[in-house]
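Multiple structures are listed underneath, in structure tokens.
Two complexes come next, and they have one chain in common, subunit A, joined by subunit B in the first and subunit C in the second.
Our next item is the complex of A and B:
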């Protein structure tokens, strides 16, 4: 669900402003500018909707050495990212293995497919209270939620990748005397890689959203989700808005920046465009 | 193939599907019975089933489960209706006007990576815990899939059918009624399906954080404080079963009655969650 598409080619003007840059600046500027003015003049409650500059200022302080605790926001970001990475890494390994088992073997398909379709309709966050009982308030709870959120997309895409491969590729490999390991190494793994990355991209998106919610429900200390929920108990609106802004920007960076770059690379290398 | 055999084949498929699930449940039951798993953390499926029977009021106790399910459904449906009321008109606007879409999209892409649940703290401060907060959170979860699907459906319609109707003297209303709505209907229904699924999935978390006294999420989260694990599992199974029922029975029927009947190709199905 990406929004941007190539703009229609226009006649080049000598001092044409790059509209792709102007639009976000203007529309976001307008939104935050109006908010700022309304909050400063008292049109809207400055307690419930603190002016954006005040939000940024409080974010700046809490991310710095004078925050409480010092560098608190940075710690929250680091812990959230650690949980995300751990959960997604786990999902990447286990998800690909299960995906390969489903796609390549009869027993894997027979066993895993029904079980997965039975587990999948459970809302990811409904696992949180159960995991809280098993692991307690611990990083393992949030990491497992992230793992669950990310793994279904990865499994699904790996299976699709295998199904999309033509039989002829196998035949070619087999006719040239490739062993099973060689087939896996040289045919299947490169074949599913673009799909795996699509799965990763979607999975990371879900995982990020699930992580924040899970942190609100289950984190003991730190993490962006915990931070905004904790701030609510003290009615510290500036911290809540600052946290939400951080979550949104980080989420965008992860989805567009990190995973997007990875995707672009593989597409360039293999020339495959995975439509979804 | 004679019909008897076809039925036999179907039964085989169903059995093959259910076998691993039953196997897993059996293994779980045995693990608890033999003491391999701790019953206080992972109760046996039979215990959970017994608890479900109790909660349904079949043993003469108060049937609390229906109350929770009703409260949850009411909130999710209300949020979904709001999401449709906002998402569809906005989707038509942004789908029809490329310029409007380009200007609004920065704001939308800033909102998109945010889980709807992240708004809960603000809403808790503004409105306090209760139905209003929960419904708004679910609305925020449901509105984006509806909006995006509508936008894509309208955009996919293309300009030529619009020109045709206009050149034959059709008014703008005619274009809307005879071109845009029929053309975008498959995408609309996909969007509704996704929107309802998001509303339902967001609901659990919202209810855990903000419900006062009812709802499945509340039931699960409050059972946690009594270490009443079987009730938690009953709640989780209910969430999954109702989610499935909404998706397959409600929207499946709707799709068969409309898309599959009126359109040749199935609309692209979207993502999960």
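Our next item is the complex of A and C:
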């Protein structure tokens, strides 16, 4: 009997919700539900921990035409995303090139490896005071912070991708008569792509966190980090939580949505495992 | 032109089968890695369209010799030539198939196979046309758009073979091509490879550690000795192709090769133990 049950295929319930969606909704719903009740009943301070519905309402207003300034939160989001995109884009280009130089050339290893080993242990934010003096309160400061934060994972993963390639892979290309440039184009670049995407995923995560922190220190106006920092000055707790919520949702969207889509089109489609 | 003159000017050649030209010649070829000699004094001639198998105890340097002929490794002594020219680097006239397939996971079956012609600068349509022929002959039809990760070992090896043949090499170098396949699959791919060899008229050099594979497929079996290895025997398998694995004459050849090989394995084990 038990054997029979085990072997029988599970009957698909026509209206079953995908469990992958149900679980996070239940767990987050529980957290926010309890918070809402606790704040409304006065169990916790409604000033320090405003109820989630009030946070959402405040976010709705500040993102709309009646915000101060109008559409202020949308502007914050746009500026933060712009800085992230510019910095990560820069890191993607330069990081890949440096990674290729380290992975493929002796001079690249000799020049870049010691420099990177020396810089890597430094928290990205430690650069902010210097950048502020160099660039002033300017987008360039935050973009550079993002660039530094995203670069290391990209470089490291590109180098790993090259190291994972066996000599036989190069031999196959060589026996087809591939030149150095053709080997780069047909073998090395597509071969490291899954690693580059893994590096990008991790790099974007670090960069997003670094950006928010840098915006608190270095942005004269706007950006989600600045939004939170500024709200603290006015003890506007709802805006602080609204900013944090936005950061969380956007971070999730970027990591799962953008990078996840890239992964689906490459790593998953090819059935490649990325070893780190 | 009189009849006699005509005969003199065009001597009858049809009755004389010319001996196939030497394709690969090795004279005292050897490969040394630092102080370790992998192969030494490798001397043989492999003729056009010949199927030669190199067999020997594991670690005897048989793959090393194959890689040297492919141009992946440099010989440290002796001479190694293809078509009378010393081997300096890999080239499309020598196709390679590895035990581990070494397919490009980001390319579909078709794109793996067209890579050679693409690198040679052929337009995509022409590359595909060339690939289709080998896809058909290797039984890969219907799998053109599959990614390698979704294929079984036997299919992957077929892709690797088709990919090598699409470059239209004169010589096919096989490095333990059945090593990663299960017995059933192996028998199929072996049978197909024999047919391909007969149809494609290539020179094939196959490294293996299986007496059965070597005797079934090759015209000649070169037996390498224990390290530092050299050729200890050159056994001609004088049977027509394609061969039946159940042929009793094949059994005799198997015994002969096994006897020589066992003696070499014993010797290599003794060397290893005495270290």
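Basically, the second predicted complex is superposed on the first by the 252 of 276 C-alpha atoms of A that agree within 3 Å, B and C clash if a C-alpha of one lies under 4 Å from a C-alpha of the other, contacts with A are read in each partner's own complex, and residues count from 1 in each chain.
In this section, contacts are C-beta pairs under 8 Å (C-beta built on N, C-alpha and C of every residue); 3 or more make two chains touch, one makes a residue touch a chain.
These numbers were taken from a predicted model, which means no experiment stands behind them.
J.: Return the chain, subunit B or subunit C, that is in touch with more residues of subunit A.
T.: B
J.: Once the shared chain is lined up, is A:168 touching subunit B (first), subunit C (second), both, or neither of them?
T.: A:168 sits against subunit C, while subunit B stays out of touch.
J.: Touch check for A:79: first (subunit B), second (subunit C), both, or neither?
T.: neither
J.: In the overlaid three-chain picture, which partner chain does A:190 touch, first (subunit B) or second (subunit C), both, or neither?
T.: After superposing on A, A:190 lies in contact with subunit C but is clear of subunit B.
J.: Thinking of the overlay built on chain A, is A:91 touched by subunit B (first), by subunit C (second), by both, or by neither?
T.: neither
J.: Given the touch rule stated above, what does A:124 touch, subunit B (first), subunit C (second), both, or neither?
T.: In the superposed model, A:124 contacts subunit B only, not subunit C.
J.: Once the structures are superposed on A, label A:59 by its partner contacts, choosing first (subunit B), second (subunit C), both or neither.
T.: neither
J.: Hey, what residues of subunit A end up touching subunit B and subunit C alike?
T.: Looking at subunit A, the two contact sets are disjoint.
J.: Show which residues of subunit A lie in contact with subunit C when the two form their complex.
T.: So the residues of subunit A in touch with subunit C come to 166-169, 171-178, 182, 186-187, 190-191, 193, 266, 269-272.
J.: Which positions of subunit A touch subunit B when the two form their complex?
T.: 1, 3-4, 19, 23-24, 26-28, 31, 48, 110-115, 118, 120-130, 132-134, 149, 152-153, 202, 205-206, 208-210, 212-213, 216-217, 225, 228-229, 231-232, 235, 237, 240-241, 243-244, 247-252, 254-255, 276
J.: If we count contacts the way the header does, which residues on subunit C are in touch with subunit A in the complex?
T.: Those in contact with subunit A are residues 67, 70-72, 89-92, 94-96, 98, 100, 102, 104-107, 115-116, 118-120, 147-150, 163-164, 167.
J.: Which of the residues in subunit B come into contact with subunit A in the complex?
T.: 16-21, 24, 41-42, 101-115, 117-122, 124-126, 148, 200-201, 203-205, 208-209, 217, 220-221, 223-224, 227, 229, 232-233, 235-236, 239-241, 243-244, 247, 271-273
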